[in-house]
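Several structures are given next for inspection.
Look for subunit A in each of the two complexes below; its partner is subunit B in the first and subunit C in the second.
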Partner chain A sequence: MNKTRTRDLIARTQIGFERRIHLWLLLPAALLFLLLTVFPIIYNGYISLYHFAFIRRVFSFVGMRNYSVLLQDRLFITSILNTLQFVLLATAGEVVLGTALALLFNVRFRGRRALLPMTVLPMMLPTTVVCAVWVILYDHDFGFMNQVLKAVGLGPIRWLSDPRFALGSLVLVDIWQWTPFVLLVLLAGLQSIPDYLYEAAQIDGATPLQMIRHITLPILSFHIRFVILLRLIDTFRIFDKVYTMTGGGPGYTTETISLYIFREGFRYFNLGYAAAASIVMLLLVLSLSILYARRMWREIRA
Partner chain B sequence: MRTRIALIALALMVMSGTTLAEGPVRLVFMGRDGVYESAMRLAISLYKMVKPEVTIEYVGLPWAGLREKIVIELAEGRGTFDLILLDDPWTAEFLPAGLLEPLDGLFAAAGQELSSDFVPSAVALGRWPYPQGTQYALPVVGNVQLFAYRVDLFEKHGLSHPPATWADVVEAAQVIQAREPGVFGNVFRGAPGNDIVTSFLPILWAHGGDVIVDGKSGVDSAEFRAALSVFLALARFAPGDVGVYKAARLREVLLAGNAAMALEVWPAWIPELDDPKVSLVVQKVQLFPHPGQVAKSAPMLGIWLLGIPATSTKKAEAFDFLLYVTSPEIQKVMALHVGNPPTLTSLYRDPELIARYRWYPAQLEALLTGVARPRTAAWSRMEDMLGGFLNEALTGIRSPEDTVRAAHDAITRILAEER
Partner chain C sequence: MSSSSRGRQPLKRILVYLLAFAVVAVALFPIWWLVNTSLKTPLEFLSPHVTFFPRAPTLEHYRDVLVERGFLRFLGNTALVSAAATILSLLTGSLAAYSLTRFRFPLGLDALFLLWALVIRTIPPIVLVIPLFIMFRELRLTNVRVILILAYQVYTLPLAIWMLLGFFREIPRELEEAAMTDGASRIQALVRIVYPLVTPGLAAAGIFCLITTWNEFTYALIFARIPADFTVPIAIATFITEYRTLWGSLAAGGILSSLPLLLFTVFVQRHLLRGFALRGTF
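Let's look at the complex of A and B:
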């Protein structure tokens, strides 16, 4: 009896000790998180309530004025709408194309090993290089894209300077660069599906399309949802492509929230106003992500 | 070897009379990258021969990064830097805020005077209030816009040159584009923001207008409308994608011989025009100050100035280098060896430099007639707003009249906020 009690006591002590160790091990990461993420957000919220002109050292309390001015600014509203349009189009394009490519690369075929690294190459390139290449490809008079259009008897397009095409052209570049990321995540998911499921289905006489519909996609749905979440968050921050390729133009048709904040913060040094815009952007991303993530977890639990 | 010996001799020849602290001194110099960095590093290496006890550490940054660093450094008052290179529109933000050291006291302490050889329009940009106030910075890079055109094409098509007015430019662009396959009438920077505004302002100034007139918006005016009309006419004879063209693309088109005229080139780009390794238009491009219209020629000044932060703890030592780098001898060396455009009038008349750079007389003329961008702390914001609306007009999103109204309202609002 005593022996059992002693064993229990030792086990409980061990569990307590392990818990404490876990907490101590988490501490550096938690401190870094507080310092580099939580504190800047709180400080950002604080200065968003001030008129903070950094160069002239003006720092005066204005309450919610920055927010009310921001929400009446047509350029800010345009930048939100452009960003949302970009996020939806780019994420949808990348996930659809990435899924198709993952299914293709999940099948063994000759040259697959050589082709896969080439397919993922775009995401390894620095974005500035990607943009420089695409600016040349998109050139109205000398670019490859219009040469192709001419060859098939279509007129040239002003890819980056026509308001009807500029945002779509940026979306296309993002799809080209980030579809390989979706491909890799989904391919990893596909590789984890046990072969016996397909073998059993085959014995039952299922067609390849039926196997994709009833086995692959349901099992892969978690990976797909997860990668959608990652791409939503990432595309929301779109800055470098717009800054390098269109500068927000033509006019303001490709102006995004990040570019708007960059101008206010780092060109005009209007820090209070830029902080307010950052908080609005953070709230948008957070609400979008939380809504999506909650739904995703609920469905997974169910 | 001979060049090296000449440089050493020259370095030793240019000695300043400032009394400096004894013992080793370390100065930190924050400036631009690229050709500016090459020029400044050359001056620093020569200075080291004269003052071996002074070490100057150079930090070269791109345009946007430099401005950010300067603002943060000066506004925070950290005192990390002793010398900073400034693009001239920035002075309207930094000088009224008292972020740079006035040079009058340093001139007096060093027993020196401001050289009368500086190009007047360039040295005035370092003063606040502009153009007659206290001197805060000295010009070290004599950048100014020049107009470029293909002499061979103008002569081939019987066009008189250089074009005297902007109306002549439009006509020449139309004629050459119609008759010369594969060549656009003209090319310019049309991307929103600084690019398109830089292309447009010389046309506006030549039409007698300005963005700010007597402290108010000058946009809702007959001059602005006339200039916008010329600008949009020129766009019809420019590459289809000119609405996204930035400096690099403009340069490529000009060097490849795909344009008969460029509304602007800057001195740092020019040496490439006659370099057969990169240019297909060697000795075919002529440069001159921009055409006039109802007003005289008005190219844009883009002077880089050197100043000393008010927070520097080594102001006398920094000032000694400032005098050194703006001396005629060092300005000439930087021009000859790196192509840095000088800021002293006499050097644009120097036979050795003219033999090397055939466009120097035209460049001096452009510097003397050059116009500065509006001196307001809100210029960055105005430039972005105006640039956005001009780009909308260029790409057909807004009508010219709507552009004028929208730009006028935006400039009026920004000016009101500034007050």
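Let's look at the complex of A and C:
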């Protein structure tokens, strides 16, 4: 009697498990998301209302004071402006060059298949290795870049320590590293354009330039808009290059938002204050997030 | 354009080749310069005469990096963390992707979940790091490897889910349903029928997870505070900030830390290209 009841119970739990199996399967990933992304964002909002000095174990409610101090901090404002400058310059450079390269590699020529992987090599390197490469190239006394300048009769430049050039030098590194990414995305877009469109245009007597202008670019612009979005999102978080190559200097000319949060949080351990800065950064990126999610969502539904 | 430019006009063909080689030169020269520097003696790379090939190639910097500076340990740390984070993401991500493609959820839970996975992709990693730091502390979690494996899920799990979704969708339900009418449970059907069919997807997603985690910087910098815990990107960064002019060793370290991944990439290139068509969108 008892035995059948136990067996019954096991059977019923099994059925219950099978019926809710979709939830069970989703659970591990959902838990990871909750623990590692949802909770941290909420917790950021919470501790941003506190004066939280980790080392001295101070934790006291201050309301919105962290935010008001933050928005009056000249350095924070500078870091936002620097970040925006970096984002715009790097994205513009990468997308313009990447588009040109995608058009170039869309031409069928012998050896294209061998050259393409070489061209995309820079984006395969770890970013800090990219930084190592460019620290060596940018060196004032022995770096290759200044040797080239010298050879053409221009003075050596302090690429990373002259306030006029430092941010530009970082932009250049980012362009070198990520233009290949734009190239790959746009090349995939180009190769989705059916050949008959060009053939028809050719029959109508269109010149190659006209074909680029009236067929390629309109279709490509869809992909270009998307790759711009991706690069805006990725350059906005700029941290590793600044940390390793300039440390935010000279004189805070390359200070960025990520670096500011890092320093407040992990040099001074002003965790409440750094959390407030994190929330501001999150709000700044929010519109991009929405655009990105909407675009991807449509693509999946289509 | 493709049909007009199969290269009938010789002038245009020459122009295309010139441009293509210029592009490759710009892409490869800095990397060659790193190789070059790693093989030169300090006397040579610090001389005013530029040499494009090392005059007296030496492996002393590689020895220095591997023996004196413990790069093997950094490589080991990176490989372990990277592989474990990838496996964890593939496991949890594939279960989630399977569930999301096979079932309907109440309250639009599935849509919410997928949208959130997209939003995560746009959040700067530094924004999450302060709460994560406090959380791991409060959980008394001190093993840096475990911390990094968990923290890297922020990058890899959304990636894995979104890449796998398409692969799971392609597999006809009838296959599992047939197995289930033959008496297999859903888990058995999943393991024996579905997983073998999505291996290409797992491979493609795994490659991108490995690349992302191998190169990760922000979380590794914040959580790995002593050299014994460093991953290679952090070791290189420390090298740059602390020994600015030890170029030979810096270059050798840079090459050693990129090489495993580059070789791997070459090895799996076919998967990679297929994955890229998918990920180009992610």
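Definition applied: the second predicted complex is superposed on the first by the 252 of 302 C-alpha atoms of A that agree within 3 Å, B and C clash if a C-alpha of one lies under 4 Å from a C-alpha of the other, contacts with A are read in each partner's own complex, and residues count from 1 in each chain.
Rule of thumb we're sticking to: a contact is a pair of C-beta atoms (placed from the backbone, for glycine too) under 8 Å apart; a residue touches a chain by one contact, two chains touch by 3 or more.
Only a predicted model underlies this, so the values are computations on that prediction, with no experimental measurement involved.
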Three-chain arrangement built on subunit A, subunit B and subunit C clash or fit: clash
Touched partner set for A:158, first subunit B, second subunit C, both or neither: first
Subunit B versus subunit C as contact partner of A:8, first or second or both or neither: neither
Partner chain(s) touched by A:55 [first = subunit B, second = subunit C, both, neither]: first
Subunit B versus subunit C as contact partner of A:216, first or second or both or neither: second
First, second, both or neither for A:296, with subunit B first and subunit C second: second
Touching partner for A:247 - first (subunit B), second (subunit C), both, neither: both
In the superposition, subunit B vs subunit C on subunit A residues touched: C
First, second, both or neither for A:266, with subunit B first and subunit C second: both
Touched partner set for A:140, first subunit B, second subunit C, both or neither: first
Doubly contacted residues of subunit A, that is, touched by subunit B and again by subunit C: 54, 135, 245, 247, 266
Complex interface listing, subunit C residues touching subunit A: 1-7, 13, 16-17, 19-21, 23-24, 26-28, 30-31, 33-34, 37, 45-48, 50, 91-93, 95-96, 98-100, 102-103, 105, 113-135, 150-151, 153-154, 157, 161, 165, 185-187, 211, 214-215, 217-218, 221-222, 232-234, 236-237, 239-241, 244, 247, 250-251, 253-255, 257-258, 261-262, 265, 269, 276-277, 280-282
Residues of subunit B touching subunit A in the complex: 64, 67-68, 71, 74-75, 93-94, 97, 99, 184, 190-193, 195, 239-244, 246, 249, 258, 377, 380-381, 384, 388-389, 391-392, 394-398
Residue numbers on subunit A that touch subunit C, as the complex places them: 18, 21-23, 25-26, 28-30, 32-33, 35-41, 43-44, 47, 54, 101, 103-109, 111-112, 115, 117-122, 124-129, 131-137, 142, 144, 147, 176, 180, 184-185, 188, 195, 198-199, 202, 208, 211-212, 215-216, 226, 233, 236-237, 239-240, 243-245, 247, 257-258, 261-262, 265-266, 271, 274-275, 278, 281-282, 285, 288-289, 292-293, 296-297, 299-300
Footprint of subunit B on subunit A - complex, ascending: 54-57, 135, 138-141, 156, 158-163, 245-253, 263, 266-269
